[in-house]
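Next come two complexes, and both contain chain A; in the first it sits with chain B, in the second with chain C.
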Partner chain A sequence: MGWRRRGFRRRHLLHAYLFIAPVVLLFGVFRVVPAVQTLLYSVYKVELLRGRFTFVGLDNFRALLADEAFGQAMVNTLAYVAAIVPISAALGLGLAVLFDTRFRLSELFKAVYFAPMVTSTAAAAMVWWWLYNPQFGLLNVLLRLVHLPDQPWLMSSRTALTAIIIFSVWKSLGYNMIIYLAGLQAIPAQFYEAATIDGAGALARFWRISVPLLAPTTTFLLIYNGILAFQVFDQVFVLTGGGPANATNVVVLDIYRQAFERFNFGYAAAEATVLFLLILGITVVQYVYSKRFEVAY
Partner chain B sequence: MRRLASLLVVFAVLALTPALATAQAKVTLWYPAGDITAGAAHFADKTLFAEFEAKHNVKVEAVGLDYDTMQQKIFAAAAGKNIGDILFVDNGWIPGFLKEEMLEPVADAKAKAWLAAVSPEIRELSDYGNGRMWGYPQYGIDVYGLTWNKEHFKEAGLDPEKPPRTWAEFREYAKKLTKRDAQGNITRVGYAIRHVGHPHGIVHKHFWALYSAGVRLVDDPLLLRGGKALINNDGGKAALKLVLDMLDVDKSTSLNFPDPRAAFLKGIASMQISETVSIKARQPKEAPDLKWGMALPPAPKAGDAPVSLLGAWVYAVPKQAKNKAAAWQLIEWLNSPEKDYELCKKYDASPRYQVNWGKEPFKSDPYNQALKDMYPAGKKLPINLGFNGVMDAVGGAIQKVWHHEAQLEAALAEADRQANKAIADAAK
Partner chain C sequence: MGRAAGRLALYAVVTGVAVLMILPFYWMVVTAVSPASDILAFPPRWVPSRLTAEHFAVAFAKAPWLTYYGNSLVVAVVSVGCSLVFGLFAGYAFAVYRFPLQNLFFLLILSTLMVPVQVTSVALYVLLARLEWVDSYLGILAPNFASAFGVFMLRQGIKTIPVDLIEAARMDGAGEVRIVVTIIAPLVKTTLATVAMILFLGSWNDFLWPVIVINSQELRTLPVGIALFKDPYGSINYGPLMAATVIATGPMLLAYAVSQRYMIRGIALTGLKG
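Right, the complex of A and B next:
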């Protein structure tokens, strides 16, 4: 009987592995292998088409430390992450609270807020490029209507990064809203009922019940949005190309330029490795720290 | 069983014979889609290759790529050994491709014959030192020039047929041409500058001032490895200060006008300096009523020689091409004297062969003759393997100074250091 059960279990496992094999294979070929290759390239001078790889040890990393353009790209990326992650999460939560109560056309409004998420970033960025146009753009027209001065938006090194952050918040807001909405709807109604009976007002219910019980959702969003924000590229590439005066140059754009415009693949790989370690470190810290705030129910 | 096998073989042979008889080689040509260059639009013309296809039994497939990511796609395709047989690329990209030894050279005898037959500016653009060629520049080459709106000139009390010749005149003209609204906001700039986007584009548009003042991106433009960037000098300071003064002192230009060509064609800029070929191609569609003039950019002072930038799109063959023989055959056909004449006449472009300049309509066409007069002032970009790094450094410095992100001296010193480092690194 035992051998029969063992045989069945073995077959069962074999089938399971066969079913997941295509995904594992594709993930390995398109994700794991390039990632390992990138880590490896970071200690080489890579001349890809010549097939020449010269071991340079940590030279690429040493050069990175002295590279002002990379330094500025890193500062810009950190500023972008520090702005976009909390802003889009907070606004997403606000919208989710709003949509948690059913009202007329609420589904339509939800769709409107979610639409940017499913729109191509490059296409949406092209539209925003025109919205930001200092002479003809809608944003300056609106500012003029309320007697505020025109802004140069993407044209000035002082306002360009803010303009990109505004675009990115608009783009990611819908996703945050939907995730928070799911989190809110998973909170049992009796908690709110009990709190109401105890005399808690709407604000108290929100701070004392919703926010703590949404901690896992918030953790997920902070990590997920943080990882995406560190990898920002498309909107910067389309809207500013990293300018003016490197004011919006971000790490992934710098990696792209080093690799595909200056053909410094080893150097670009070193930049990618630094970014990988940074994302990994921040994600681990965020995850461990957020665990403290989790509440089970 | 044996009969069945024989029947199958006969059937297979019969089925394959017509396919083999009509098998046609295919040559793919990759070019930038859109209106990035007037010459690339010609590849969308289905009849362009018809004669070649019929004569050589070769199918030509022209594939339009997005310009912004074209270099990346070309490189990735070369690494994957799945690349177009002919690349139609900006000559500014050639050094990057040479750094990776990606291109096939033009055969020595063919290069020699070409260089002997074409006009001097084409010779300059084609020759990468000692008669070495990596591709053929297309007809209708770009020469950067000052274009001005004649109506605006009249309105400002300026002679519409006389462009500014010196930097001092240029500043004066720009001041007179600038218009403001009741609140003092600039609604029309006297001169529109390119100050955003890719750093290379910014250098291209300010090359005339940098070079006429004494800046050299690389001291020997034909040096592949080594050399020196001469950026942090009096010329560099003067060239950047010219626009800085127009921004801050004269207020005749503005950072709120992103694209000089678009601003000029929309009538919100009176003067701009960029590719004249592009203005010629876009003006009939975008600003049909615009009356414009074209001349060399101004020189620092009276008696100085004006300088312009010569640029071209080049037909090149990558080493990884699958049909090299057919690719060269097509390139030579497209770049023959007969085709040069025929296509330039058809597309209203300037020819390359000296013999064709002596023929009508080019001989007496005022636009083409004006271009011909401008060509001798044109200089091509250096071919140095560190070229991309040099351009990034200079473009970054220009942006920092004009956007008041850095002091002029500090920005130039930094650009000089970065550019020379890029040259040294590429030479290793």
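Right, the complex of A and C next:
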């Protein structure tokens, strides 16, 4: 029996490594190595066509600090994250509360709210590019119908980032609502019943029961949306290309420009390293806070 | 009385938001099928004065949309297919076997979720340039042959299968590969379907990596095709542009209309794309 067992185990060891080999190799070559190399390239000057890599120490990072376009991209990205994350979470929660009651056609409404989520960001942004047209776009046409002044939308550095944020809220609202709705429906009904017997009104029930018990959902959405928002690219590329005058330039767009339009691969790698540290930062914060916010019921 | 007013307010809010959500889609379709004079009219023409296909003709004359469809389809099918097969076997290994460095390998796979292509694109491009994979299907597919999300989901799914079932199959003399294909796969078919749907959606709508790695027009996927259809120097004609977005978004929206319950549940349960 003993020898059979050992033979069994050895064969299974072989199977185990064979079965994970494709994923490990593919990820090793196309994900892990490029990730490490990006960090490495950030201290090199990379000349791809000549195949020349020159070590430059922290020069790329020093140049980053002095680079106004990157500074602007950083500020814009942070402003975008700071706006999109709480707005879509708050609106998502508000809608989820409405959908937590039973009413006719609620499934249809849910499907409509979620529809932007399944469309490609690039294509949906193209539709909004038309809506935002200052002369003939539907948004200004509607403003004129109710005798409000036209807005420049994407054309002015004052309003362009707001216009992109509005698009992104439209795109992600359904997702936030669905996730909150799932969270709400997981809260046992007797909590609300007990509170009602104790004389708590609807508002008190929302703030004292729903909001605290939804803390894990909220944490998840803030982290998930935050990480995605730091990587915003598609809608900026289509709607403004970063303009006017860098007013909507964002980190990933700057990486794209530096690497694939100007071929400053080392410099772009330094920018990517900064982005990586931001994402890592959120993940660490999540790890620390997720323990604190865990609610048992 | 109060209850009726509350219902009314509920429907007012819910309908108002629904109008805001659907208006861009509606206007896209209306612009695509309206004659040019309607498109620039004030007040806006909510219903076209007559239906026209001329914008679609222009859109098809200016860009090879069927080629874009083909490219998107090839990339999505190959990446989803490979991710499912590799994910099924890797998920089985992580769920069923105990082997040295198991946790290290698993963490290595999950850690790739932390470094999206937004971070790795620079070095990945340099690597693919050396392999001469830039501007090819292989280039688009390279980071998408396997999915950490797929491995994780399938491992979770396979873990719920009783070990006795696998042991019984082994007693009957079934090899491990046969067990995975004929016993495990059917038992986790719901997970497989959900993972396939989410990965397909992610691949179909992916933009950043394809736009980086593709230079030739014949290799563009749909999102890249639509984004680069807007000619920054030429005069802009919104009818053909919206016809193009209808072409690009139509099939996915139709698929969604048919299976929205299933798609919403799948995405809500698992988060979107890894």
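Following the convention adopted for this analysis, the second predicted complex is superposed on the first by the 256 of 297 C-alpha atoms of A that agree within 3 Å, B and C clash if a C-alpha of one lies under 4 Å from a C-alpha of the other, contacts with A are read in each partner's own complex, and residues count from 1 in each chain.
Basically, a contact is a pair of C-beta atoms (placed from the backbone, for glycine too) under 8 Å apart; a residue touches a chain by one contact, two chains touch by 3 or more.
What you see is a predicted model, and the numbers here were worked out from it, not measured in a lab.
Look at A:W207: by the touch rule set out above, it reaches neither chain B nor chain C. By the touch criterion defined above, A:I279 lies against chain C but remains apart from chain B after alignment on the C-alpha atoms of chain A. Look at A:R50: by the touch rule set out above, it reaches chain B but stays clear of chain C.
Residue contacts after overlaying the shared chain place A:F260 against chain B and chain C alike. Residue contacts after overlaying the shared chain place A:Y289 against neither chain B nor chain C.
Chain A has more of its residues touched by C than by the other of chain B and chain C. Contacts of A:L95 after superposition on the shared chain: chain C is touched, whereas chain B is not. In the superposition on chain A, contact of A:G243 is made with chain B only, not with chain C. The residues of chain A shared by its contacts with chain B and with chain C are 48, 133, 237, 241, 256, 260. Of all residues in chain A, only 47-50, 68-69, 133-135, 150, 152, 154-157, 237, 240-241, 243-247, 256-257, 260-263 touch chain B in the complex they form. Chain A contributes residues 12-13, 15-17, 19-20, 22-24, 26-38, 40-41, 46, 48, 95, 98-99, 101, 103, 106-107, 109-124, 126-131, 133, 136, 138, 141-142, 144-145, 170, 173-175, 178-179, 182, 224, 231, 233-234, 237-238, 241, 252, 255-256, 259-260, 265, 268-269, 272, 275-276, 279-280, 283 to its touches with chain C in the complex. The part of chain B that touches chain A in the complex is made up of residues 68, 71-72, 75-76, 78-79, 96, 99-102, 185, 195-199, 255-258, 268, 319-320, 388-389, 392, 396, 399-400, 403, 405-406, 414, 422. Those residues of chain C that touch chain A in the complex are listed here as 7, 10-11, 13-15, 17-18, 20-25, 27-28, 31, 39-40, 42-44, 86-87, 89-90, 92-94, 97, 99, 102, 105, 108-109, 111-112, 114-116, 118-127, 129, 142-143, 145-146, 148, 151, 176, 180, 201, 204-205, 207-208, 211-212, 222-224, 226-227, 229-230, 232, 238, 241-242, 244-245, 248-249, 252-253, 256-257, 260-261, 263-264, 267-269, 271-272.
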